[in-house]
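Below: a set of structures, written as structure tokens.
First chain A sits with chain B, and in the next complex the same chain sits with chain C.
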Partner chain A sequence: MMAVELGYYGLFVALLAAAWATIASVLAAASRERGLQGSAERSLVVSFAFIVVAAVCLEVGFLSNDFRLDYVFHYSSVSQPIPYKIGALWGGQSGSLLLWVMILGAMSVIVLWTNRRKNRALMPGITAVLGVVVTFFLVLLNFVESPFTLGPPRSDGVGLNPQLKNYWMMIHPPCLYLGYVGFTVPFAFAISALANRRTGDIWFRTTRRWTLFSWFFLGTGILMGSYWAYIELGWGGYWAWDPVENASLMPWLTATAFLHSVMIQEKKGMLKVWNVLLVILTFSLSIFGTFLTRSGIISSVHAFATSDIGPAFGLFLGIVFFGSLALVILRLPDLKTEARFESLVSRESSFLFNNLVLVGIAATVLFLTTFPMLSELATGRKVTMGPPIFNLVNIPWALFLLLLTGIGPLIAWRKATASSLRRNFLLPCATGFWVLLAVFFLAPRAYLAGVADLVRTMASLDVAAAFDRLKIFYPALTFALGAFVLGTVALEFHRGIRARRVQHGESFPLALGLLVWRNKRRYGGYIVHVGIVLIFFGIAGSAAYQKEVVHELSPGEVLEVDGYQLRYDGYRLEAIDDHLGAVTEVSLFQDGRRVAALEAEQRFHPNMVFPELRDAFLRARTLSREDPRTYQDAVARLYALIEHLERGAGREVKTPSTEVAIHASMSPLAPTRFGEDFYLTPLWVDPGSGRANFRVFVNPMVNFIWIGAFVLVLGAHLAVLPDARERKRLAVTLALEERAVA
Partner chain B sequence: MEKKRLKFLLLGTGIVATMGFLLAVGIGGSGGFAYYVTVSEFMAHGVDRGDHFRINGKVAEGSIERLSTGQDVRFVMTDQAVSLPVRYHGIIPDTFVDGADVVVEGALHDDGVFEATTLLAKCPSKYEAAQEAGGTHPGPEAPTSAR
Partner chain C sequence: MRDRAGILVLLALSLAPFTLGPGDDAFQREYDLAARMILCDCGCSPQSVHDCACGRAAEMRTEIASAIRGGKTGTEVVDGYVARHGEKIRICPTASGFNLLAWLGPGVALLVGAAASVLVLRRWKHTSAKRDEVSRAAPLAADDPYVLRVQEHLKEYE
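Then we have the complex of A and B:
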């Protein structure tokens, strides 16, 4: 009982504290009063503490099955396993907001702690920005979407949707939030730097790790979401250009652009305005993403019940974006560049173009995602944009980006000479060329026909069709460009290792280890690039060469799919947890060799509102340990009962779901199949005869995406590790700045 | 110097322009373009049969007829005011149930049935119970009312 009140008032106290932190830090910024700033910082910590109290109280509600709480009622039930009770905190809207603000609170405290003795001039501004964002979310939590609203006493809850009861779905939202929220920190530093006219290196050097951290979590969050969709939803895909997916992709793209362009500012003092704009854009897009998905303004498969927080977010977003923009314009004189671009063939330019493309893709995605809204404003008719348009526009640019991934890190600063180009790119280019040839010779006729087709459509001046014809070359180009990038990375590693071995006489592994360890940022970055290339490979392979077969089989029959033989051995009925279902047992053969035993399931979740069905289901469930015959019969009768009830009630009394079975070929002995998934779902199973309709996907190379994700994680970890030399440089800059102020 | 700036400007505009061009081409003719309407709007407009539509509505209770292929379904879509029979062949999402919010994409067939090529049912992340017990009392007075 107490927990509910404590949580409710805790949120209110947190709001007051955050509001005071904002006011006090603004006053401190104006008056340079140290005491006020101290008070502001303490209030922000207090605010965080009370947010934690509220979150703990809500968790207590979940764990103690307090179903008077509407939120607990909706997302938990008595029978829900404990981990999912805990995870249900972010199963819905207000809990998600609570998690959002809790993460932000924690990050604010870390920022205050790590900067308690430095950046004193910037701190009031930073505290103010953090305070404003925390306050905004707390206002929503207190007055618009409280997680502590109460309903009548209820004995059991609705429970989390079965599809969300998945390990990946539990960690995917917090991961995304870490990413979204983390961008607040660089944003706060940037705004404070602008406001205080201290637009030197400090703001972005201090927050480099924060940016990388947020970028990393947003990226892995997106990948986890794709992985969940792939293994859980049974459609054989992982990305659909849904507005919610796009919402998370856009800030990730602009953050990627920022991570790159900030290096140019660090080394050359260029692109200063651009970098501040990118930080503002990234943070705004994070907020916009939340707005997009929460306001219901754009239809998405992710049904976010249209809620009252849309307008509030819209207003907040407007203030953040236009306010920051105004500040940038005001401070333009402080953001003068220290150097100019000298040549198109230089590292600066390659980074500039990489930025243009990244931001361009983000803008395209933004435009297409918001198109229904825009078209309604302009013409009164809502028009939606499907995946084909996204692919048509973005794939060519993604490929160009892949090319730049290879060029950027190796090309010389200022102006690359012909000899340096030859030295750095001859071998990688050759690698790419050979891969292109190899791919061509795998299917020469198809490619020749493709070229002829392309020429024909170009001749008829049908641009859209011509771009459509380009599609068949994309996979080959992806592999060639990817090989080029891998070539550049390999060359860099090779040179670095050779230099160390010659200079220090080190052994190969030692040289490799020290090379990476001494230059974590650089080599971490290369490893991230390798991960990205692998992800590109996975996308290209699985998108271009996916095979799909739908076929009906009786137990004992065999189906041949793309070199696999699938034997449907049999099935068994079951009634466990909250569902009944038919588990199909399938043996998978390759060249007469049995490679896997698969089990895929067609489930029904009975609607417990019908007492007859509920009782029969519970009875059947208890029989699971009895004689298998009786058990099977009892479940079979459930199917009959469902059919009977449906005829009587005139509606469905079950919710179907499917459990996918996946066999991944990861054996190096079969290189052509490496990374391939055999993906099986039963669409329908007859409980009497076992006759089943199977849908089979063969997804070549799809596992490269997940392997690439793993490599990316590794590289990002390396890049974010503390670096002694970097710290020393930052300390020197800070000391200089402090002296200048004093 | 000026020539150099011009080169950068040209290349930059080139990138942006091709992007815009691709966008225009894509919107014009890649098949992803669809009018987004509610069931009422769809029925009210004198619909051109050939046009591609995305319709948003609810599944009428009790209207789902699943064929035993596991990938064919007929149902009626409604938005309280009017209803529209729909036929769909393809993967049926697990979230497709009575009363669910759905979006179908396709065109009207000659027999008056909407032939959907895409069926989207709303994702469960914001899953609200259909059979909600009792009302809710949002607002700041909530905790006290529970004592």
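Then we have the complex of A and C:
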């Protein structure tokens, strides 16, 4: 009881402290009173401390099975494994909000600490913005969606959604939140810079690492979510264009645009308005993502976390977005470009087009995600926006972006001459061309037929069919453009290494190491590009060449799928943790050689609210160490009991889930299969006979996505590492701006 | 036990479309067309009946297979679903009427955006050229932000 009260009042004290931090910092900004600003900063720290107290109290509730707490009752159960009890904090609405505000509180404290001796003129504005956001979330947690609401005493809880009981799902939301929340910091700096008419370089140079950090975590969170979907949902894919997936992709795209366009402002003092707008857009889209997840205005697989806080988020989003826009308009005279623009064929314009496409894809995703609402408003008809339209409409944009990824790093600043274009692009273009030709000659007839088919369809003015006919060309174009980008990156590395070897007489590994280490940001960026290309390869290969078979097998039977032989060896029934299930044991052969032993499982999570079922399940679970036959019989009886209860209740008393089995071909000795997954899901298993219905996918190149993700992480880490030259540059900028203001 | 047998029969039926011989190409084509176009109404993320891994999708696959075995084409099956459940049962909207905005809008926006960008860049180029002429006549002041920025960059290379 003590923990519940402490948590409840802790949140209230945190709210008071955050509200005071906001008021005091606004007063400090108006009066330039240092004492008030100090008070504001200390209050924000106090607010964070009490948020942590509340989060710890809620975790105590989970770990001590305090089911009087409604939140604990809904997202935990006695039998829930401890890691999932801890992770259940973000399994639902109010806990997610608490995690969000706790991360924001921590980041606010870091911002206050790292800027305790610098950027003092900007700090009141920054503290005010951070304070407003923290206060908003704490108002929700105190008055709309409290995690400390008490209900009647209960002996057990409903438990976490079974699909969330997965290692990746435990780290995916915090990772995403680090990304979403992190964008608050550059946003706060930008708003403060605008409010204080200090629109120079300081705000974006100081927050460069914050932006990269948030971009990295949001991207990693998205990839983790994709991996979770791939290994958990059993449909062989990793991206379903679910509204909430889209909501995380949009700010990532605009942040990517910002990371590129800010280089133009840094080097040339251009695109100042655009950069401020991108930061505002990125932060607003982060809030929009939460609005979409929580409001339930659009149906989503993430519906497990919906509630009625949508209007509050909508209002907050409106104030943030339009208020910030008004401030930008007010400060337009301060945001004039400094440099001159010389040529359309230059890195500046290539970056501008890169921004156009990135923001264009984000806008397309936003438009298509919200199109059902628009359609209902305009025509009164509801429509569904499933994966096909997102894929068909977005792929051409994505391919154009891939092309620009190759052009950007090699094209000259200011003005590219014909000879520099030839020197820089001849080899990469040749690489792309040869790859295109090679892919074409793998299936020339199919491509020629595809062209004829496309022309026919376009002549018939069937738009959807024309988009569909284009699909056949996408893999070839992706591989060719990807090869072009890899060619540009290889050329950049080659030139850099050669220059170092000529100038300093260094060995190849030393020249490579020093080249990257002394230009971490630049070469880190190139490595990120390589990661992105690999991800594109993975998506193209797995989407275009996926094979699928659904087949029923009895133990002992064999199934042939795309060069693999699957032998269903047998099955066993289990009742462990909080579920019962049938584990199918399968041997996988290739060319008569056994390459893997796989276990795929079909699970049922019994609803523990039925005492009869709960007792039978717990009894069966205790038999796991007894005679195997007795144990199997006990689990089989559970299946029968569930059927019986469902007949009586007229509804499901279990939640099904699957554990897929995956065999990845990662041997370089079989290059044509490299990166391929053999993916197995049991759709249904008869507990008596073991006869099972298997869904099998062969996903070529899918592992390129995860390898690409790893490369991307490596590159991003390199780019974010501290750099002495950059620190020096920041110090110079600070001094220059202070001089200019004085 | 009878219930279990019932479930097995239902499942066997749901497997029918996936266990066909090579002579059933026409069936498979029509079945694929319908199963990939109809939305699984299980309420999760928008997935077609073909892709969704849930129990409801299995039931719907059985319905579609039976309808096609009964002599309907894939398009007729989709039309039947649309008549019963409305347009939202399609995995994505048809490319006609207001929906054309969804299909063509982004592409048109890209072209318009690209054209606008080219125009903006040309204007910048023109303005820069003009400014150059002016600056040639009157050199920049020593405390001009651009000069300070250039000095800062030059210092890095010293």
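By our rule, the second predicted complex is superposed on the first by the 691 of 742 C-alpha atoms of A that agree within 3 Å, B and C clash if a C-alpha of one lies under 4 Å from a C-alpha of the other, contacts with A are read in each partner's own complex, and residues count from 1 in each chain.
Assume contacts are C-beta pairs under 8 Å (C-beta built on N, C-alpha and C of every residue); 3 or more make two chains touch, one makes a residue touch a chain.
All values derive from a computational prediction rather than experimental measurement.
Colleague: After the alignment on chain A, I want to confirm one thing: do chain B and chain C clash, or do they fit together?
Modeller: On the shared chain A, the partners clash.
Colleague: Report for A:G688: first if it touches chain B alone, second if chain C alone, otherwise both or neither.
Modeller: second
Colleague: I'd like to know which partner A:S349 touches here: chain B for first, chain C for second, both or neither.
Modeller: both
Colleague: Contact-wise, after the overlay, does A:V550 reach chain B, chain C, both or neither (first, second, both, neither)?
Modeller: It touches chain B and chain C both.
Colleague: Between chain B (first) and chain C (second), which does A:W235 come into contact with in this model arrangement: first, second, both, or neither?
Modeller: both
Colleague: First (chain B), second (chain C), both or neither: which does A:L150 touch?
Modeller: First partner only.
Colleague: Touching A:T733 in the superposition: chain B (first), chain C (second), both, neither?
Modeller: A:T733: touches chain C, not chain B.
Colleague: So in the superposed three-chain picture, is A:G269 touching just chain B, just chain C, both, or none of them (first/second/both/neither)?
Modeller: second
Colleague: For A:T364, select first, second, both or neither according to whether it touches chain B, chain C, the two together, or no partner.
Modeller: The answer is both, since A:T364 touches chain B and chain C.
Colleague: Now for A:R725: first (chain B), second (chain C), both, or neither, which partner does it touch?
Modeller: second
Colleague: Taking 20-28, 74-82, 128-136 or 146-154 from chain C, which overlaps chain B after aligning chain A?
Modeller: That would be 74-82, the one stretch with clashes.
Colleague: For chain A, which residues lie in the overlap of the chain B contacts and the chain C contacts?
Modeller: Touching chain B in the first complex and chain C in the second, residues 233-235, 299-301, 303, 340-344, 349, 352-353, 356-357, 360, 363-364, 367-368, 372, 381-389, 393, 396-397, 463-464, 467, 550, 552, 656, 658, 683-684, 686, 693, 695 of chain A appear in both lists.
Colleague: In the complex of these two chains, what residues of chain A are touching chain C?
Modeller: Counting only chain A, the residues touching chain C are 200, 233-235, 237, 240-242, 245, 269, 299-301, 303, 337-344, 349, 352-353, 356-357, 360, 363-364, 367-368, 371-372, 374-375, 378-379, 381-389, 393-394, 396-397, 400, 462-464, 467, 549-552, 643, 647, 656, 658, 681, 683-684, 686, 688, 691, 693, 695, 725, 728-729, 732-733, 736, 740.
Colleague: Applying the document's contact rule, which stretches of chain A touch chain B when the two form their complex?
Modeller: 1, 4-5, 8-9, 68, 70, 73-74, 91-93, 142-143, 146, 148-152, 154, 158, 160-164, 233-235, 244, 299-305, 340-344, 349, 352-353, 356-357, 360, 363-364, 367-368, 372, 381-390, 392-393, 396-397, 463-465, 467-468, 550, 552, 602, 609, 649-652, 655-658, 682-684, 686, 693, 695
Colleague: Which chain C residues qualify as touching chain A in the complex?
Modeller: 3-4, 8, 11-12, 15, 18-19, 36, 39, 43-48, 51-53, 55, 58, 86-95, 97-107, 109-110, 113-114, 117-118, 121-122, 124-125, 127-129, 131-132, 143, 145-146, 148-149, 152, 155-156
Colleague: What residues of chain B sit close enough to touch chain A in their complex?
Modeller: 1, 4-5, 7-8, 11-12, 15-16, 19, 22-23, 25-37, 54, 56, 61-62, 64, 66, 68-71, 91-95, 97-98, 101, 103, 105, 120-129, 131-140, 142-143, 145-147
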